[in-house]
Amino acid sequence: MQNSEIYLESLITSTPQEGTDLAIKLARKSIAAIQTDLETRKNLRGNYAQDTTQLIASAQVIAVEFQTIAMANNYWKP
Amino acid sequence: MQNSEIYLESLITSTPQEGTDLAIKLARKSIAAIQTDLETRKNLRGNYAQDTTQLIASAQVIAVEFQTIAMANNYWKP
Amino acid sequence: MQNSEIYLESLITSTPQEGTDLAIKLARKSIAAIQTDLETRKNLRGNYAQDTTQLIASAQVIAVEFQTIAMANNYWKP
Amino acid sequence: MQNSEIYLESLITSTPQEGTDLAIKLARKSIAAIQTDLETRKNLRGNYAQDTTQLIASAQVIAVEFQTIAMANNYWKP
Amino acid sequence: MQNSEIYLESLITSTPQEGTDLAIKLARKSIAAIQTDLETRKNLRGNYAQDTTQLIASAQVIAVEFQTIAMANNYWKP
Amino acid sequence: MQNSEIYLESLITSTPQEGTDLAIKLARKSIAAIQTDLETRKNLRGNYAQDTTQLIASAQVIAVEFQTIAMANNYWKP
């Protein structure tokens, strides 16, 4: 499960929008940790990008990850 | 994944209702980050707007995003 | 997406029970923001009010909205 | 939507176990707010009490309501 | 709904691992509150323990309950 | 339900990435607590690693566990 590659050094981002990018990255990394084969993931991708139920479910994952990141950044308050 | 366009400068809104608008925007941006083709998204839209299961699932995503935004705005307390 | 009508001026309610009413209202407004046609929403309503899976999913949305409202009201502590 | 009956005066309970009872009550009230007919709800009940998918989904609603109630009670710390 | 048996005296546990045990217990108690017949629950158990969709949904319930318990224990920080 | 093996001594990790590893571990342990047979779990694994709906649902569980772990670590702020 442990990835030798370092992909997450910090939850801190400069802007909320970069926070959403990081949320998407975390969601993808979770999926990659379960389905470790890159080719399989690419093949599966066609499925869910056309299926609104799965797109909405993906947005739910991103929303939870974004909440965590927003907390870490104290909501990017000035 | 990174969008060059700036669409999220701040989580702060003037009113809770604007907070709900922002929550909906964040939910849509998550979906757009996965299904990047605008035409495909438009075509898919007809599906979920008629399907109560998907409408409810969308409302769940919006609820989580709204919670994050409400926290950021200290619940718009006067 | 922006509604010109003002429907949410504050997350503050007098009692927890009014908080649950507001949670339900927020959930409905999210759905109305996606399916904007009132007649279509009325027609769809018959579906989910008879379907326990969808009733439970609706209750999940309400639970998240209620948590946000409860936080905003400091849990209506005296 | 507004119920004239008062069913939720406070989120405060004496014990965590009473907190779980209240969480279940809140989940039921959410469903009753959407499916307002008592007879229909009783008939539907047979469905989901035999269906593990729906039982698990119900437990998810209860878990979120319980988290809110636990926060309100400062986790019943002595 | 009220169970006369006392099964939850406190959310405090000695270790995070005991916290996960308590989270699983709370999830089970929620299901038992809805499907009150022990024999029926035993029969249903075979279903979901073989169905990965339901196993994942169960893990989601446990994750939310564990979050509440972790908050109550201040994350078991020394 | 209680596992005699100690697998979770602390929620504290050195880095956010180790936090995601721990989140995945917690999610797996929840599933193992329900489906206790290792061989069955291995056989079931083939199912969900090919099914995007289940991969996304798994990522949702991991996101909630990660949020808890991130809170415990005060978001790994320096």
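In this document, chain identifiers A, B, C, D, E and F correspond to the written order of the chains, with residue numbering beginning at 1 in each.
To be clear about the criterion, a contact is a pair of C-beta atoms (placed from the backbone, for glycine too) under 8 Å apart; a residue touches a chain by one contact, two chains touch by 3 or more.
Model, not experiment: these values are computed from the prediction.
Listed by label, the chains that touch chain C and also chain E are D. Number of steps on the shortest path from chain B to chain D, with steps defined by chain touch: 2. Relative orientation of chain A with respect to chain F corresponds to a rotation of 60°, obtained by superposing CA atoms and rounded to a multiple of 5. Interface residue usage between chain B and chain C, two copies of one sequence, is largely distinct: under half of the residue numbers at the contact are used by both copies. Among the other chains, C has the CA centre that is most remote from the centre of chain F. For this pair, chain A with chain B, the centres built from the Cα atoms lie 16 Å apart. Separating the centre of chain C from that of chain F, both taken as means of CA atoms, is a distance of 31 Å.
Shared contact sites, meaning residues of chain C that touch two or more other chains, fall at 48, 53, 57-58, 60, 64, 67, 71.
If each chain is drawn as a node and touching chains are joined, the picture is one closed loop, every chain linked to exactly two others. Those residues of chain A whose C-beta lies close enough to touch chain B in the complex are 15-17, 20-21, 23-25, 48-50, 52-53, 55-60, 62-64, 66-67, 70-71, 75-77. The touching residues of chain C, when paired with chain B in their complex, are 1-3, 6-12, 26-27, 29-31, 33-35, 40, 44, 47-48, 51, 53-54, 57-58, 60-61, 64-65, 67-68, 71-72.
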